[in-house]
Structures are given as C-alpha cells and as structure tokens.
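Take this structure first; my questions come after.
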Amino acid sequence: MAEKLKNLFSKNTPNDLGFGTATGTGRNMNKDGTFNVKRVGEPRFRPYEMYHTLITISWTKFIFLVLCFYLSVNLVFAFIYYFIGIDHLTSMDHPMTETRKFIEGFFFSSQTLTTLGYGRVAPIGILASSVAAVESMMGLLGFALATGLLYGRFSRPQSKILYSRHAVVAPYKGATGFMFRTSNLRRNQLIEVEVEVSIGFTEPGSRSRNFLQLDLERKRINLFPTSWTIVHPIDENSPFYGRTLEDVKGMNPEIFVILKAFDDTFSQTIYSRTSYRADEIIYGAKFLPMFHQLENGITQLDLGLIDAVEKVELPQMEMNQLETT
Amino acid sequence: MAEKLKNLFSKNTPNDLGFGTATGTGRNMNKDGTFNVKRVGEPRFRPYEMYHTLITISWTKFIFLVLCFYLSVNLVFAFIYYFIGIDHLTSMDHPMTETRKFIEGFFFSSQTLTTLGYGRVAPIGILASSVAAVESMMGLLGFALATGLLYGRFSRPQSKILYSRHAVVAPYKGATGFMFRTSNLRRNQLIEVEVEVSIGFTEPGSRSRNFLQLDLERKRINLFPTSWTIVHPIDENSPFYGRTLEDVKGMNPEIFVILKAFDDTFSQTIYSRTSYRADEIIYGAKFLPMFHQLENGITQLDLGLIDAVEKVELPQMEMNQLETT
Amino acid sequence: MAEKLKNLFSKNTPNDLGFGTATGTGRNMNKDGTFNVKRVGEPRFRPYEMYHTLITISWTKFIFLVLCFYLSVNLVFAFIYYFIGIDHLTSMDHPMTETRKFIEGFFFSSQTLTTLGYGRVAPIGILASSVAAVESMMGLLGFALATGLLYGRFSRPQSKILYSRHAVVAPYKGATGFMFRTSNLRRNQLIEVEVEVSIGFTEPGSRSRNFLQLDLERKRINLFPTSWTIVHPIDENSPFYGRTLEDVKGMNPEIFVILKAFDDTFSQTIYSRTSYRADEIIYGAKFLPMFHQLENGITQLDLGLIDAVEKVELPQMEMNQLETT
Amino acid sequence: MAEKLKNLFSKNTPNDLGFGTATGTGRNMNKDGTFNVKRVGEPRFRPYEMYHTLITISWTKFIFLVLCFYLSVNLVFAFIYYFIGIDHLTSMDHPMTETRKFIEGFFFSSQTLTTLGYGRVAPIGILASSVAAVESMMGLLGFALATGLLYGRFSRPQSKILYSRHAVVAPYKGATGFMFRTSNLRRNQLIEVEVEVSIGFTEPGSRSRNFLQLDLERKRINLFPTSWTIVHPIDENSPFYGRTLEDVKGMNPEIFVILKAFDDTFSQTIYSRTSYRADEIIYGAKFLPMFHQLENGITQLDLGLIDAVEKVELPQMEMNQLETT
C-alpha cells in the first residue's frame, strides 16, 4: 500500500505549492486563504509596505489613522503659530490667556489645512503667511493622498467566495467522491472560474510531508450563476482511496483550494483560497441543492444553504476493491 | 435519433456553463447577458456591495444620491450649529427668528463642508470651531470619495457589443448554418475577439436539461474593424441537425453567447453575453452586408443594418441526409 | 502557379483579420494602426462615448474644453446671481452699472465654484445662499471629474513603437526574407513581445481579396532592450515566393503588423499596429545595426537609425527554384 | 567538446532574449533588472515620457519637484499682481515698499492657488479678479494632477523580490545543480510564480555571443509562502556540464533571471529580473533553510537568511562522466 502510493506520487508533480516538505504538521494555510507564516528578518524601514498597509487595514483603523493624522498636523502647526506669535494673525489683538492663544492657533491651522480660509483669522506678516502657504499646500497634497487611498481601498479586487464549512465524502458514480461547495457571496458576475485542489499529508511513521494535486471531475466552469460543487473522485489515483476516516485522520491532511475567476464587473482577475483539515471532512453526507426554479422561470439561489448537507450511506466497496486489485 | 444525440453529448463536455441540469425550462440568461437568478439568504449587512452598487447604478440615481447625501450632512450640521447656539458664529449678533437661525446654520454648514469659507459667518468659540474643523475635514474626505467614485464609474470597462435581434438558419457550404451577427457599437478598438456559443435544451419527454457547446466556423478574429457573422455549421455533430423549426421549438432551446475581447483603448479585457431563444431564430434568412468600400478606398460600416436580413431558400437535404446515414 | 497558391491558402486560416474578402483594394489599416473605416448609423445620443472622447482627444483640445466649461458654468451662474439681484451679496451696496453688476456676479461665481470664497463678496439671503451652496458643490464635483479625467489621460496605456518606414526584401539564409524593424521609442521596459504579420492581396484578374498569415523566423522575444528585425522567410510557403517586385505590386498587397507586449513599468498589456503597402517595400536592401557596445561595456542604441538601410544584391535563385520544382 | 555544444545550441531556441549576438562581453542586464543600454537619437521633445518620469522618480525628487512647481507658479502670479498694481487688492491701501508689495502679491497668490481665500486680501477690479479666477482654476487642476500622480505612484506595481547575492553550484541528485534562491520581501501574496533562466556566454576564441535557455527542475510554483530555490540541473544538456569554475569564467557568462508572478493583493501581474555573472557563482556551497516550523504550528520565515550558504563537497564525477561518454 505504501509502495503503491509512492509510485503514485512520483507520477504527479510532487510539490508545486511552495510549501517545504519538512514543514511539520501544522496548518499551512488558514481558512481565509492567508499563509500560516510568521516573517522575521524584514528590514526595519519598509516604506514600500506603507501603501499596502493603508489599503488593507480595516475601515475602522483607516478612519482612525486619518483622524489622528489630521489632528497631529494641526497640533504641530498650532505650536508653530503659537511660537511665531499669535499677533501675526488678524482678530487676535485682544488680551488672551496662553491656552487660548494656542487654541486660536489650532483652529487657524485647521482652517488653513482644509483650505477653508474663513478669513476672520488671517496671517499678516511674512513668517505667518509663509507657514500658512506651506500648510495649505500640505493640506491639498494630504487630501490628494487620501483621495488616492480611498479609491485604492474601494477599487481593490475583493472576492467574497463562500465555501461550505465542511467538505464531504459522498457517493459519486458508483464509488465515492470528496466534495465541497462554493458560491459567490457578492453580486458581481464571475466568469471563467477555475479551481485547483491539492493535498498535503504525512504518511504514518514518516516525518516528511507529501504534496499532491487532486484530480477533479471538472476544473473550470464558464459562468458561475449559482453554486458549484467541486468533486474529486476517490478512485485508485486518489490518496483517499481505500482509506477509512480514521486512516485519513492519521495522515494529518490539509486540502488546499485555489480558485481563480474573472470579475466581469471590474475587469479583474481574482483569486480565492481556503483549506480543509481532517476535522472539517464529513464521511457519508451529501450537499442539498442551493437553488431551484421558481414558477415564473426565474432561478432562486439561497446563499444561506451553502452548508446544507444530509446524511447518506456510502457504498461499501473501497475495501473490497482493494482486495481484488 | 435520441440514442444518437446521447452519444454526441457524452462526447462533449456536458455542462460547463454552471447551470444546473434540473433548472426547468425558464430562460437562464437575459438578453443583456445577466443571469435570470434571484438571490436570497444574503447577509443583511453587506458593506462590500456598497462600492459595487455606487459604481453600477444609473447616473440619474448616482447624482440624486450625491445630492441627498450633501443635503443630509448639511442638515445634520445645521442642527448641531443651531443647538450650539448661533451666537458662536460671527455676523449673527442681530435678533433672528428660530427658523432663520437654523437657516443661517445650514448655509454656514454648506460653506464649511465645501471649504468655501466666505468668512462673513465664521466660528468664534471652541465648540463651534471644533465642529467646523471636523465638518471641513469630512467635506474633503467626502469629495475625495466622490472623486474616486466618479473615476470608478467612468473608467469601468463597458462594452457595447451589438447583436442581431434574430439568429438565422441560412445556407452554408451546401448545407445550412446557424448564424447571428455582432458588431462593436463603441468606437474603442477591440482586438483578439473570441466567442463561445453553447446551447441548453430539453429532449421532448425528458425533464432534464442538456447543455452542449456548439462548433463554430471560426472562434476568434484578430481585429474587429466592422462586423462579424458567427456561424455554427449544422452538420451531424449539431443538435439542430435534421430538425425542423417545429422540432427545435419543441426542445425549448436557449443559445448562450459569450464574447471576449481586448479593449485596445483602455487595455482591458471585456466580456459580453447574450442568449437566443426559439422565437428569436428565423429559418431561411441570411444577413445583408453591413459594410462596403467607398470610392476613396475607405470602408463604410452602417451600424443601423445589424438586423438587416433577407429571405432565402434553404437546401432540402437534411431529411435526405438522415435517411442515407 | 495560381493553383499552387490556392492550395496554400486552404492550408492556412484564410481570414482571421476580420476584414471582408469583398472589401476592394483600398488601404484597410492606416499607418498608425487605426482602421480605415467610416462608421455610420450610430445612435445620435452616445453618452458611453463621452469618457472615451475626453480621454483620447489631444491635450490642446482637452484643456480648451475644460476652460470653456469653466467659463460657461461661471457665465450661467453670473446670470443667476444677476437676476436674483446683486444686492443679496455683501459689499455690493454702492451704486453700479448693470454691466458692472453682471461682472461682480461673474467673479463671485468663480470664487464660489472654485471654493475660493474670499468673502469680500458673500451671499446674504436664502436664495443667493442656496445658489452658492449648489454652485460650490457642483464645483467640487466638477473638479473631481477633472481629477479623474486627468488621471485617466495620463495612465492610459500608450505605446510608442517605432517601425521602420520601409520594409525590405533582403538576403536571408541563402534565399531572401521580407523584413521590417521595430524599436521602443519610450523608456518603459517592454517584455514578452509577440508579433503577428498577415498579408491581404488580390490575385491579378480576381476581384476577391485574400488574407493570409505570414510565417516568421521568430514570433516572440522575452526582452526588448534594443531593436528587433522581424523576418518573414520567403520560402515556398510565402506569397512573395518567386515573384518580382512588379508581380508583388500587381497583387496590391497590404502587410498587417500586430505587436503585443507587456509594459513592465505600468503592468499593462499594450498593442501596436501598422501596415505596409507595396510602395513601402524596398527590394534589395538590408537594415544597418541600430546598436553597438561601447568600450565601457554599455550597449548604445541609436533610435535615429531605425530607417537606416543599405543596398544589397539579392540572390538570383527564385526563378531557378521555381523551374526545378 | 566544442562540437558537442554547437549541436546543443542548435537544438534550443538560440536567442529569444532580444540581445544581439555581436554585443561584446559587457554586462547586458544590471543586478536590478534594468538593461545596460544607453539610448541616443530620441526626439528632443518627449511629452509622452513626462508621466513615466513623474511616476518613476524617487519620492525625494518628486516632492522637491512639486514644491518647486508650487513656488514657481506663485512667483509668476506674484509678478502679475505686482504689475497689475497691488492697489487692485483689498487691505493694501497703506503705503508699502516695492518689495513688500511683491511679497503681498506672492501670499495673495498662494492663498488663491490653494483656494484658501482668507479674504483679508481680495481682488477688486476686473483685471485682478480675472487673474485670480484663472489662478484658482489652475490651482485646482494642478492639485487634481498631483492627486493622480500620487495615486499613480502608490498604486504602481512594485515587486520587491529578494535574490540571493550569489548563485551556487551544489550537489543535486547524485550530480550537481546551479542554484539561486528567491523570496518575497513584501507582504503582498504572490501566486502563480514562474521563472525563466537564460545564459549568455562567449566560447573561448569566438567573438560571437551565444544565448541559451537553461532547463529547470521546476519552472512554476502555485503559491509562494516562503522561499524558492531555483535549480538548473547540470546534466549533459547544460552549458556548465563538465566545466570547472575556471572554464566557466573563461566563457564570461551572464545568467539572466526573469520572474513573473500574480500579485493577489492588487490583482496585477508583476515581473522581476536580475542577472548573475561569473564572480557571483560559488562552486561547492549549498543554501541553508530560511524557514522552520515553530512549536505552535506556525512556519517562521527569516528573510535575513536569504544569502546563508555553507560549504559542501561537490561530487567528483564531471570529468569521469566526460571520459566515459
């Protein structure tokens, strides 16, 4: 049996996933498709990550950062106007406490940075005017930056591909198949959808990790109007072949899913990834349909049914088949 | 005959369109290429659809939304200034009705949000100044957003592929062909145009829907200067083969067209889709040319002729051929 | 001979350029790669062309349009303020001529549209304030639009591929080859450059136009650091085979060049097209090198030499070869 | 031996890198992937390079340019207001020196260009108002331009692929292999990574340069979570086969690396290039792992180890193999 699988692996491309064969048994890919990798040794100063970070952080953090930045710049300029002397500004010729002076500087700064320029307070001397000229230009550039970042955040390709929480092993063409289901949560129309499914596992007793691409019933669909159940037939080329659920758990498997599609709405290629571990596989279950045709001819798709499965009996043939071969 | 077709189908990839085989007989794809699918079970809060919606709604709705948003924000801030007290603003020291106070607050807000800042009215105290500082920043961010959305709407890949209203069955190389015609309504230059034509139909008596890709005379043209008549030869591999118009109507067919091209002007891949149903097929008609060369060597293309057909006699050979085979 | 060519054509894909076989003998493609096509029958109202037009017109026209738009909007609002009554604005309480009133309205409008808002002139009543509120928002949206258009114009993929003014027929591997030369005028780095060359011609006596793809010595280069001479070997598969310059002129040929590359600087696929007619082919010339290595190991590329050719003797074998076959 | 290699070259595509065979022995590609090419003969006026330049220059230069531009425009308008006469502006009716007048013009200009418009100084006459109207529009368009440029700079696809400083010749499957290592310095997720490795070299005694693609153990990985060691097996098809380090140095080789990947974060295809020369190859060394799995199952990647190698003994079989063949 072990011999048989070894032949099988040498037939396939052994490892084109980029994971090392000595990576141990931890999860390689998180459910959301990110790699379970911690990076060290990066250079301390990484200006090239700034845009990436500002584009990918959450909206809450992004808005908080923008507010902080706005406040900080205003505080800095408030200090500058305070030190130049508040008497270089108009309407400031009445006696004021020092705090009040600083506050007036702060609000003058905010009216300059946003190019509001009410003018109740305006700079008079060369120094104050110069600082205001610099600040207003900085303000415009800053909001130019914010414009770019907002657009970048919005227009960034973001797929929301739903995957069934569990993969199932269900009857398929007289034998069984490893299946999971996917649908598009977003309303943008995906076309030319392709999927690639691989498995990483460890033979009992071995310390080295094997990686293997799984054959699929269908690797590509042209349109993606509703849902797609991706099927890996468990035949003699499959690493699941002739193995019970316990056997499979002993392999400590991780099934990697890479899905690629073209987003017709924004003319962008998008990718989505996920992985299944042994405890996310149900033996003896099949997916219930997510869609049916209404009486008016319209097809209704219920996204809430992505995880809907029902128990089924699996054909008892794996062991027999093994014996006859 | 039914047997023969079954073999044929098993030869082809049976269903890579992503429509279910049990979808009934309603139209799967609308004329404009969208799917005839109603989605339920979506999560109630869908922030990821916001950009998509704002990009794809009509210009009328978009401008209306922008105006509403501008009005609402101004109303909210008008209330705030009114509750802070209108006496925290300059030029407001004369007696006014409550309504007038609110109105002054509203216009002060609009002058702050747009960073106009005439300054006839300007904030004096800390509270009013703070609110104005926040509002002006919100204004700038809001218009930054609008900039991004406007650009997103304009630059979104939009193809305007014309399809002939009817498909025809016309004489083709001694036999017949299923044909429809396409041209580019827009002036952007499309290149590397590819087309894929599939059919969905139900065998009389069966309740299951078959899907089948149709062979084409030519699947790809390098340039798309004028019009392109796409031809599916009705030979023995065709599901139309040996069937009369009545037979075809009985199959309740839907012919799906997926056209892909590269938009040379904006360096984007675009897709276009449509479908034909039985009542949009004319038996015994051919397309009249849409273009001819003028005397000065320039080719003239008349887009108004996309639907121009004339009646022709079809060769009476389908039935004979069937008998001889 | 005519028979021979017919076989040859049936071997090749006869016409995947999208030009009709009955298009006469006028030029199909202009030197700059645009199609020599006049479009009629377009719908009168074409909003979808607006962005396309604003992106592709010359800078002179674009700036002129922006200025006109700015002036027009200001004129419209100047009229509105004039009709509302100039006394609804501050600093306008001294006696003025009607013209002067209109001019003051115009400048107030410009200060509102750009959100300058000096405030010397400011609206007082509800009517004037409302108009100003609308105008300032329109101004912001207008400049948001201009921002998008400016970015769209700048970031649009624009290749500047140089083609030699003439194609040559030069000695090549004992026989002859049809050659032209290309280089990248821009400094962006092009990679994965592919070329496709086709010919359209009319057999003497025939009225129908033939289209044929030409075999090339090399269809693709990975990098494009200097120049590339594209070679079509004139062997027995070539439509030029065994034909003198006079013969070729009698065919009224047009050689179509489609070049595709990936612009590494902007991560965009770009296309470039051109065509050669009979009077742009030199029989018996070869290209002189455009680059040589300097003493410090740097390669120097002289773009001014793109058209540099020198006369050469062509091998006198075409006719003999024909006789022996 | 020389004969043998000649056969080999004719088997391979001889030169699809686009470098000329007569380019001498200088470096063709710099370490950062740019071509070692000096361009002359470019047209003097190159507006199409402006965007390219403004996008690709360093941030320091870009900000400096923006500041210079802002200053210059303000200086020009300061002169205009000075020549119109500073008495066309409000608050300017007290006696001033000529310098002071110019300075007031300058600050009024800056407040107009940025659409600040405090209003302490405001234009009164038609002339001054017209200039201010033009300047404020120019300001808005200028900052619209800056917005586009800032976004263009940020969103430009920028890969930071790390390459090991040295390539090594290490033991590989009983024989040896030419290897180098690569990793992604940035945090964006790269997928579908493909590599192409070519060599340029001169046979001793020859003056013509040969180019040859090198066979690789693996040309493509689906995911790129950690590092990738690219291996060219030194078998009989390799130009390194049976050559000592001295032999290889005598060939004056340059190994070209072209790496292509899809940036999942920004939905862009990116390319990276580098080259190795003879003095960057270590004979008898192997790469130490850059990653290992932590106890919690997370894989730790240390980017600082990209160059980590250790000395190894090479199998002494090259010469023997040569003798037996």
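Chains: A, B, C and D, in written order; residue numbering restarts at 1 for each.
Here is the rule we use: a residue touches a chain if its C-beta (ideal position, glycine included) is under 8 Å from a C-beta of that chain, and two chains touch if they have at least 3 such contacts.
Predicted model only: the values in this text are computed from it and were never measured.
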Message: Quick check on chain C against chain D: do more than half of the interface residue numbers occur in both copies, making it same, or fewer, making it different?
response: different
Statement: Farthest chain from chain A by C-alpha centroid distance is chain C
Field: chain A onto chain B, rotation angle from CA fit, given as a multiple of 5 degrees
entry: 90
Statement: In whole angstrom, the CA-centroid distance of chain C from chain D equals 27
- request: Find the geometric centre of each of chain B and chain D from their Cα atoms only, then give the gap between the two centres in Å, rounded to an integer.
  value: 38
Statement: For the pair chain A and chain C, the C-alpha centroid-to-centroid distance in angstrom is 38
Sequence positions of chain B contacting 2 or more other chains: 115-119, 147, 151
- prompt: Which bits of chain B are touching chain A when the two form their complex?
  reply: 13, 16-20, 22-28, 34-43, 47-49, 51-52, 55-56, 90, 112, 115-119, 122-124, 126, 129-130, 132-133, 136-137, 139-141, 144-145, 147-149, 151-152, 156-157, 196, 198, 256, 258, 268-271
- line: Counting only contacts in the complex, chain A reaches chain C at residues 115, 117-119, 147
- prompt: Mind pulling up the chain C residues that touch chain D in the complex?
  reply: 59, 66, 70, 74, 103, 107, 110-111, 114-120, 143, 146-147, 150-151, 154-155, 158, 160, 185-189, 191, 193, 218, 220-226, 228, 262, 264-267, 289, 291, 293-294, 296-305
